[in-house]
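To keep things clear, I will list the structure first and then write my remarks on it.
Per-chain numbering from 1; labels A, B, C, D, E and F assigned in written order.
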Amino acid sequence: MRLQLSTWPEVADYLSTRRGVIIPIGSTEQHGPSGLIGTDAITAEVVSWRAGEVLDTLVAPTIAVGMAHHHMAFPGSMTLRPSTLIAVIRDTILALSSHGFTRFLFVNGHGGNIPSIQSAFYEAYEEMRVHHGDGAPDIACQLCSWFSSPAVEALAAEAFGDAEGSHATPSEVSVTWHAYPDQQRTPVLDPPVAPQGRFTDSRDFRRAFPDGRIGSNPALATPELGGRFVEVAVDYIATTYGDFLKG
Amino acid sequence: MRLQLSTWPEVADYLSTRRGVIIPIGSTEQHGPSGLIGTDAITAEVVSWRAGEVLDTLVAPTIAVGMAHHHMAFPGSMTLRPSTLIAVIRDTILALSSHGFTRFLFVNGHGGNIPSIQSAFYEAYEEMRVHHGDGAPDIACQLCSWFSSPAVEALAAEAFGDAEGSHATPSEVSVTWHAYPDQQRTPVLDPPVAPQGRFTDSRDFRRAFPDGRIGSNPALATPELGGRFVEVAVDYIATTYGDFLKG
Amino acid sequence: MRLQLSTWPEVADYLSTRRGVIIPIGSTEQHGPSGLIGTDAITAEVVSWRAGEVLDTLVAPTIAVGMAHHHMAFPGSMTLRPSTLIAVIRDTILALSSHGFTRFLFVNGHGGNIPSIQSAFYEAYEEMRVHHGDGAPDIACQLCSWFSSPAVEALAAEAFGDAEGSHATPSEVSVTWHAYPDQQRTPVLDPPVAPQGRFTDSRDFRRAFPDGRIGSNPALATPELGGRFVEVAVDYIATTYGDFLKG
Amino acid sequence: MRLQLSTWPEVADYLSTRRGVIIPIGSTEQHGPSGLIGTDAITAEVVSWRAGEVLDTLVAPTIAVGMAHHHMAFPGSMTLRPSTLIAVIRDTILALSSHGFTRFLFVNGHGGNIPSIQSAFYEAYEEMRVHHGDGAPDIACQLCSWFSSPAVEALAAEAFGDAEGSHATPSEVSVTWHAYPDQQRTPVLDPPVAPQGRFTDSRDFRRAFPDGRIGSNPALATPELGGRFVEVAVDYIATTYGDFLKG
Amino acid sequence: MRLQLSTWPEVADYLSTRRGVIIPIGSTEQHGPSGLIGTDAITAEVVSWRAGEVLDTLVAPTIAVGMAHHHMAFPGSMTLRPSTLIAVIRDTILALSSHGFTRFLFVNGHGGNIPSIQSAFYEAYEEMRVHHGDGAPDIACQLCSWFSSPAVEALAAEAFGDAEGSHATPSEVSVTWHAYPDQQRTPVLDPPVAPQGRFTDSRDFRRAFPDGRIGSNPALATPELGGRFVEVAVDYIATTYGDFLKG
Amino acid sequence: MRLQLSTWPEVADYLSTRRGVIIPIGSTEQHGPSGLIGTDAITAEVVSWRAGEVLDTLVAPTIAVGMAHHHMAFPGSMTLRPSTLIAVIRDTILALSSHGFTRFLFVNGHGGNIPSIQSAFYEAYEEMRVHHGDGAPDIACQLCSWFSSPAVEALAAEAFGDAEGSHATPSEVSVTWHAYPDQQRTPVLDPPVAPQGRFTDSRDFRRAFPDGRIGSNPALATPELGGRFVEVAVDYIATTYGDFLKG
């Protein structure tokens, strides 16, 4: 059930029995020579939409641009400042909260978003606490990065071994190819498996990772594997969401 | 050409000959008993994607949540504070600017966004001016609200007469039905044509417009008309963009 | 009745029967070779003070510096960032609101302020909504740009025809000469009627409009016409304010 | 020479030989049963305008609303948050700086503004330092509170003795009566000399000073004394400004 | 070498050969019935000072108050909003950067600070990138939470087994007792090992963890073990810092 | 009683009978060739801790980095922007306020902090007033700069005469030597008594005061005098605090 494809009376009806909402959050940034710039937003969206169906839960619009400073030395990458992204997430929570939503599950597709998402939860909690004390609205926020699921990691290890890497991975590329089968690119990747390493700012990132990949060989991606990754990610989200509503 | 479905080498190639980018911006807010909550984002996205094809121009991800405070008394509506939306747009411009984009056309689907968009343009210009003076990057931003095209207005007048109204209009609903034919709702609308009027804040809005519509009868919408609205809107965007690049 | 020329017991007395206040807002920016830099603040102030007399309504101090980035390539122009101006207006509304004022009419003399003013209204509404929900103070804000009155536009067309233009206009110069008869300048304007056109940032503005005027011939201004413009502008404000209090 | 009553070519001419500017800054707040709410803005403006004539120096528009939280329990008082006032002053400095002004003298009429003014100077300096290091523009800002002049204090002591007090003082009321002779109020003040004391927030202020005055008897004010206060204040500003320009 | 106990000529001398600096960052928050409220600041400070000696590296003042919203339902806990903490860290980096420091190691004592620290790094990087592009200062920031060292975790497992827990742990209490031997408290803890679990906001935290501990039995702490924890933590910091300077 | 060395049950107990708290605030900035960079934080901390003992009052952690833009041309100096420092102090007040603290005494060691501290008090008061009106928490904040005590000034005059100066003074250096007897430096100071004067930004400061001192001869400092300064400063704080609690 997508919020964008609902009417307000339908949301009113939903709220008569349920209080949870899923918010997909991704990024718009380079994913190497073959990966789509929208990979992190697409993957978060695909698994969220499917989870929304499985869980019969409302899914808000995808936050498509995240915190991706470190990718800014590659053309087409976009980023919000952390402070801007925090404000966006804070506003998202407080807007939906006023209708009666109380459980906010952010399904995340980009590691670089994690600090901003967690900061935003506490920014919202603290603003409510300072102004309303014990009368603050009962809201609970949780982060769920689909790619951190143990089952996703196991599947990636099984399918790609060490070539999974950590950016422009074959697993995320597989998911995008599953979602957009006509968007497969297969340029020659040199070296096939990209270097590993650390980085600081965007210039340092490009020095360390000249084509944008980190430790990965996305040429191993297939749409079929993408479908399997979606399945195990959705299982993970479903379990996480179930525990979240209970707890 | 969608940025999310491009790779960074493709964007580098694009930038070797072109400098413009289209950014769709909409809203996520109630659109009456039958209109989709995502109407303003969907319409901006649909016309932007089509314009991107016609103009062979890159289209950035849609900013799906806008400034919709006045709709917040209806369940499911979302809003950013104006200050947050200004920060998002400022960051969008400066992120893309650093790759060499210099012409930013914001294709807008929601009247309530207009002050924030215009404010953001000047926030970005002024920040660059203060810090870089004559060395500021040569960036130009333009707003194009597809629904304000004279041809769109003429088509709406011809098709719907006075029942077009100004919120949850049959023209925008038609576009969403053209984009999502399986998302048509046809509840009884009472009265068929909603009241007209002014409003201040969100409570006042709901007092004045109990079901969320302003002056409209969206029951007159059809997917076929939606296709025609997209065409004339794209013509308008194409002309606007051409003039913008020239001048 | 000017707030600055009142005492607090007089304001307390006013508030025992009335809830409205007028806030003039202008700009401090170049107005061509002959127009005063304070034109937009002076005109907003003059018509507001006269409207305050006619309506027996309190008039707050003039916000004299507005959003005028686009004029910053001309010496003497001042600007606030949009974000700063929004904060000023938000604070103005919430300060006066705490005394019991509930109807805020911003009488505006500068087109460039409009996005910031409108953004500020929603910034204030949304902050109150998030923190106080249905208990938010009942405040209503309205923008009234005196120069957009149909009667003002008609008088300008009648008096100046196409030479009215859109910046450093003979109508606004007339109002300043009416207010400050000893401040008339009559340099040679070359060409007499300035060019029309669009602009983006402050550098682009100066390239397009070398002496600062847009489409106008302010040499046609007279103090007498200025008096007439004040009259029709005050009528417009009076009608707007009456409707506002009612509605 | 008032900036608002100048044209841009006149400012360009001024800047060919001079670099200084005076910015009056006041407040809009209760001044007891007889004092005008605009007292602090009016006095700063009057002495600045006169100083501008004496020094042949440009005077920017008055910042009429300052930081007056502590007066907010009295109807009609207005305030900006300190953070907003700091932003206004920062923007003022950086806007004028870009034209070549380098010496900014803020002539202040309200003690409550002092922390915000001083904070703003360092906010501007630090922003320029962080971004431009040794290449930062050579700007210097100075605060001059006219009422703190030793000569002003001596005149007040001579004229009013202990009844000068520290808020709604006969000296500042005298200056407003000198500027606006028709705005004299003479209600019975009870007690004639208001209590002295300290205060914290706005509620505490009203508890301590029920009619708004602190330690003063403004019934001693006269327009003639007002004229003398303006003279000695202008002498003080002139000396301060001369020393400031020298370095 | 502590910055607070140095003179500026000594820092100038240091910078002639070295570019790194350690910044301890902790928190001021409840640590159960026996743990000191300053635990996280004390531990970060102790290990940083010792690391500074071992590495002959400058140590900046401790940031003693961090992001501890979740502890605010217990008296004495303090917190900054995430946005405030981000600003503090951003300012810290940019202030020291202007003297020539380029490698910033934040030695952290509190898990709740991690999102704000990481956000601040990118806030600083992105501000420099937007304004200075390739000319941005070459700064690199790294986070090192002493308690996350594998050797620290191994020692905790060896010494305390499952009673280490995750808040008010015997390992951190041991470090504070090592640093302040006269500050040992030994109240009865009931139950001896606190419950485990998750939490959202501050109210939820207190509901889940009534005495403030999470999963720990701090009665197992000893000053001697504290000394050993400091040693292994300093080894970890030294290795991390060495790799950081190289990489 | 130091907050960092307390447990939460001890703070709960404290709050059952008392409502006041002392917050030391200093700076981390050059203090000439012999003074410690941490002088202002050390002195504020030393006198606060002693005052806390004398008054049996809780002392919060020291805010060690203040507003010291003007010292930034000397290596090792640190500063927060005024806006950041204001946010830190606002958060400090509102965090402690939620536990029931109502009287906040900021014991300050650095003149440059004063505007930010005062601004922060009003930022907190005004935010509470706007959102809670008469229901705002009853909080009172007071600034006490230990070095401004008449008795401190008298002792400095007696001990050092004109060589006390105003930055890197022998009185503050004495206090640091009293606190850290092993941190005494005695470089040759040339001239022995530094020049007096005014300054604007950080570059101007270094031009005017080449070695960082203003008007002082810190070679006159002794640890014994430091002890006496602490005593008279603590007396001043005790009197101030007593008056503050009374009302």
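Throughout what follows, a contact is a pair of C-beta atoms (placed from the backbone, for glycine too) under 8 Å apart; a residue touches a chain by one contact, two chains touch by 3 or more.
The model shown is predicted, which means the values in this text are computed figures rather than measured ones.
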- Minimal path length between chain C and chain F through chains that touch? 1
- Query: Comparing centres built from CA atoms, which chain ends up most distant from chain E?
  - Reply: C
- Item | Magnitude of the superposing rotation for chain B and chain C (Cα, nearest 5°) | 180
- For E-F, find its twin among A-B, D-E or C-F: the pair where over half of the contact pairs carry the same residue numbers. A-B
- Item | chain C-chain D separation of Cα centroids, rounded to whole Å | 24
- Message: Can you work out the whole-Å distance between the CA centroids of chain C and chain E?
- Response: 53
- Query: CA centre of chain D versus CA centre of chain F: separation in Å?
  - Reply: 29
- In chain F, the residues touching two or more other chains are 72, 79, 81, 83, 98, 129, 131
- Query: With chains as vertices joined when they touch, what's the shape: line, ring, star, complete or other?
  - Reply: other
- Message: Output every touching chain pair, sorted by label.
- Response: A-B, A-C, A-E, A-F, B-C, B-D, B-E, C-D, C-F, D-E, D-F, E-F
- Item | In the complex, chain F residues that touch chain A | 94, 98, 131-132
- What residues on chain E touch chain F, complex-wise? 2-12, 15, 28, 30-38, 41-42, 60-62, 64-65, 72, 74-81, 83-84, 87-88, 90-92, 95-96, 98-100, 180, 183, 185, 187, 212
- Message: For the complex, give me every residue of chain A touching chain F.
- Response: 129-131, 133
- Message: Which stretch or stretches of chain D touch chain F in the complex?
- Response: 67, 69-70, 72, 79, 81-83, 86, 112, 114-123, 125-129, 134, 136, 139-142, 200-204
